[in-house]
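Each of the next two complexes has chain A plus one other chain: chain B in the first, chain C in the second.
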Partner chain A sequence: MNARALNLLGLGLVGAIGVAFLVLIPRLFELDVVLELTVYMIMAILALSLALIWGYGGILCFGQSAFFGLGAYTYAIAMFNIGESTVPLLLAIVLPAVFAALLGYFMFYGRISDVYLGVITLTVTLILFNSVNSTAGPEFRIGSARLGGFNGIPGIPPLNLPGNRALPIDLEGMFYLATVSLLLTYFGLRLLLASRFGRIIVGIRENERRAELLGYDPRAYKLATFTIGGALAGFAGCLFANWGNFVSPTIFGLAQSAQIIIWVIVGGRGTLIGPIVGCIGIQWLTTALGANQPSGGSDWWAKVFANVPLVLGIILIAFVLLVPKGLVPTLGDLGQWLLSSRGKRAETRLEPKQAEEG
Partner chain B sequence: MAAPLLQTRDLSMHFGGVRAVRHVDFSLAEGELRCLIGPNGAGKSTFFKMLTGQLQPTHGQVLFRGLEISHAHAHEIARLGIGIKTQVPSVFDGLSVRENIWLAASRIHSRMQTKRIVDEMLERVGLTEAATRLVGQLAHGQRQWVELGLVLSTDPELILLDEPAAGMTHEEVLKTAELVREINRTKALIVVEHDMQFIRMIAQQVTVFNQGSVLIEDTVESIMRNPQVRDIYLGKQAAA
Partner chain C sequence: MDLVALLAIQVLYAIASLALISVGLAIIFGMMRVINLAHGEFLMLGGYAAIVATNHGISIWLSMLVVAPVVVGIIGVVVERTIIRFLYGRMIDTMLATWGLSLFLVGLTTAIFGNTTVGISAPLGSFQIGAYRTSAYTLFVIVVAAVVLAAIFAVMRWTRLGLIARGTMQNANMAAALGVNPPRVYAITFGIGAALSGLAGAVLAPVSGVFPTIGVAYVAKSFITVIGGGAAIVSGTLSASSLFGTINQIATFVTTPVFGEVALLGAAIVLIRLLPQGITGRFFRRGL
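On to the complex of A and B.
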């Protein structure tokens, strides 16, 4: 089977699984499970935004949560002021994108090196965390929306059908919206990466100097990639604010920023399906571990396993040391190795027969 | 006399106290093939980096078709029509040979044309068989060919080759010399090389660099007879 057919098969498989998921989940499970899966879908879109800019664009952004949080806050604030969700939704995409473009302009055109890029993006999200965290007083308001500081913004009105505020989207509707959005994001990114633009950003990741000497301006391509990533993260943030009807500054925090990186490392850079798998897997694990809080007399290992950050840290270190390429690329390598070794065995079996014939 | 294709005036590059290139006045005519020789550290690679925008000269000018490019960005210079094959092959290691050539060809050709151009280029540099292999897995000689293919695919007016024959087998050197002569039918070239055999196969005019300056410019024959050049360059090599 050639690479093209394999590629199409993969796409078909993802599509089929996606549609089956979409149709079956609400029919098979109770609402609490559907609600849980909804947030996985939303976070998977966030994971895809980093998969694009880090996995394909080679830009290590430690502050993807900045755009995610901005999207969530923008939606919340705009919603309290406007009341109808079409414009707030668009704003929640456009504003983080503009913010990413501005930040990216100074970083890429200022020729900031990779390590400092990570430091700057992390600092930006922590600055946002601190700023929003200290807006608890009643004087901090934008229009009719109170920022609420560390208390966050509760009771955010949900999305409604475009143009009709009388028809809000219910919880099951959110599941459909999040899942369809994830599928569209996935296929959209596949299209983008197969385009000329996508191939050039991968070339720049591979060898920036060479791309430059061939006449491509890496700064412009990185800026465009970073902006698209910011827009996607903002969109995910908007959905997230909808999911819980609540947003608080922890969305900008270190734990949130680190998680996104872990999803991509575990799932595998340079793939799209990897970070989705990594994101869903890690979140499922986090929920499962958190649900089993040990009582006072439990064994020490029960306490260790209930310590979610510790377990996540161990997983991260294990992956960096043992599976540095991440889950999906490593499984791909394994599959290829199995296929080729079987092919070799078949060849060796053929040899004596050919000799007889000769 | 027609205006030169490439000209440098008083071009200098200092790294702290080290003066890697000093007051170089260099001129190359349209369609010319020139070889640069000189011992290691003579400033040849630094000179190339200034011509392609990878380094900004400390002072002096670079003019390409009369246009000042001394402080232009590398990608702008590439778009004006200067291509470079670097000393250590600079290629896209994680991509296949075809994807490498595609990236270069795609910069100047439409989508429909690109496929044809890539096939032709793969044939021309003898990599059709290896088209689907990752460049990172190829032998050094083949990576040199990939890089040459990249440069040729962007169809530059002036091509800089930094030691194109280094690390190649004798057959590959012959093939490279033939390709260089073929390229020179339509393009101007500057070739940095140590291998005098190779130089005699391709060039008439040679410029000798020493300690950052141009020592002498002459035909291959007179350069090879020049005792001064023997002293600083060939003599040293023979002694080593």
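On to the complex of A and C.
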């Protein structure tokens, strides 16, 4: 089986699982499970946004939650002012994208190196968090929406069918919307990465200098990648604001940013399915740990393992040290190794060896 | 006039506290090129160490100036031996692993001490400037910062240890050929950086109180101070914290503390854009 067929098989498999998920889940489970799964789907879109920027673009963004939060807040504020969800939805995508473009222009055209990029994105996230957090007073309002500071914005109106505010999307509808969005995002990104643009950004990730000498402008390509990632994160933020009807500044927080990075590193950089798997796995784990919180203070170990940051921290350290590629690529390598060691005698080196990376 | 004097003290204090929280990181980042995102948690641990020691009857000065640095220094060496040493030269991975460490330490301290603010009251009382009263502890923090910076300068400039450290950081292979054991130098440097962070956390604990997530408040500020300062440890930390501390304090004075912080972070981003090598990459290039 050659790579192309394998690729198509993978795509088909993801599509089939996605459709089965979409059709079966609401029929098989109660509404609370469906709701839980909805937020997994939304977070998986967020994970994909960083998978693109970091996994393929090689830009380590510690502030992906900035775009996520910006999307959520934009939607909330616009919704209170407009009341019909088409424009707020678009704004929640466009505004984070514009913000990402400005920030990206500032960073990439300033030729700021990888590591400083991480620190700048982190700082920007903290600025947003601090600013929004301190807007609790009644004087902070945009139009008819109060920002609410650390209290957040409750009671955000849900999305409605485009152009018709009398038809809001219900909870089950939200599940369908989130799942379809995730599938579309996945296939859209696959398409993007298979295109010329996708090849070039991967080339830049591998060797920026070489790509530049071949005549591509890494700054422009990175900027475009970053902007697309920002837009996607904003879209996820909009869905998230819908899901809980609530946003608070914690979605700008470092804990949120850390989560996104953990999803991607656990799932695997340089894949799309990996971050989705990582996201759903970690989210599920987080929920399970939180649910096991002992009510008394008796069992110290139970208390420690119900402690989400502690467990996430251990997972992050363990993956960086032991499985730096992430689950999906490591499993892929394992599979390849098994296949090749078995098939070695059968088909001895008929295919020419690929040129080594020099 | 009194107001000016008071403002001057506040500005000096802002500079001193920035310099204190950044200097441990400056050593670790400036000399080893390791981005330690658990830096804020080292500060937090220093604070807890001081408070726990004080509550066990040790004099507050002893627990701040001796116990906290020793405890956090030991933790630093352990961290270097168990995590960091596998990741030298892999900057991004170090960043991620130390972020994991930061989450881990936050979780651990939450499990042990609970998610509440603990504090010790600042010693030394207050003194009068005209119509205003201000805490004498502020002056103590300024003095500690000055002493720490002077000590680092002296050690790096005039002692054999400083020479070996500088040599190893510049060219580890050459130093190894001359009989220095680089892994040991790295471990000691990391330990000293951590110890200074512990000291800073302890000295600032009476001002801010300590809670498990306080590191977040420190980490960004210390990072931008270090990066804004550039490679030179003492002059970089000093120049960057002077710049950012002044901006922070003036913006705080004009608006609110929160927007003072925002102004600081904003100024830092602009500075990194204008001087990617930091202040000492352009000015005071021969500084230390």
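Assume the second predicted complex is superposed on the first by the 339 of 358 C-alpha atoms of A that agree within 3 Å, B and C clash if a C-alpha of one lies under 4 Å from a C-alpha of the other, contacts with A are read in each partner's own complex, and residues count from 1 in each chain.
Quick note on the criterion: contacts are C-beta pairs under 8 Å (C-beta built on N, C-alpha and C of every residue); 3 or more make two chains touch, one makes a residue touch a chain.
Every value quoted in this text rests on a predicted model; they were computed, and no experiment measured them.
Placing chain B and chain C on a common chain A by superposition gives a fit, with no clash between them. More residues of chain A are in touch with C than with the other of chain B and chain C. Within the superposed three-chain model, A:Val115 lies in touch with chain C and out of touch with chain B [touch as defined at top].
Touch criterion met: A:Pro324 reaches chain C, while chain B stays clear of it. Note on the composite model: angle chain B-chain A-chain C, taken at the C-alpha centres, equals 80°, rounded to the nearest 10. By the touch criterion stated above, A:Gly63 is placed in contact with neither chain B nor chain C. Of the two partner chains, neither chain B nor chain C is touched by A:Gly234. Contacts of A:Asn207 after superposition: chain B is touched, whereas chain C is not reached. Shared-chain residue A:Ser131: touches chain C; no touch with chain B. Shared-chain residue A:Leu310: touches chain C; no touch with chain B. When the two structures are aligned on the shared chain, A:Ile265 is found in touch with chain C, with no touch to chain B.
Taking the two complexes aligned on chain A, the least Cα distance separating chain B from chain C is 11 Å.
No residue of chain A touches both chain B in one complex and chain C in the other.
Residues 60, 106-107, 110-116, 118-120, 122-124, 126-127, 130-131, 133-134, 254, 258, 261, 265, 300, 303-304, 307-318, 320-321, 324 of chain A touch chain C in their complex.
Of all the residues in chain C, the ones that touch chain A in their complex are 35, 83, 86-87, 91-93, 95-97, 99-108, 110-111, 216, 220, 223-224, 227, 256, 258-259, 261-262, 265-266, 268-269, 272-273, 276. Of all the residues in chain B, the ones that touch chain A in their complex are 52, 54, 73-75, 78-79, 83-84, 86, 90-95, 99, 102-104, 106-108, 111, 132, 150, 154.
The part of chain A that touches chain B in the complex is made up of residues 3, 196, 199-200, 202-203, 206-207, 209-218.
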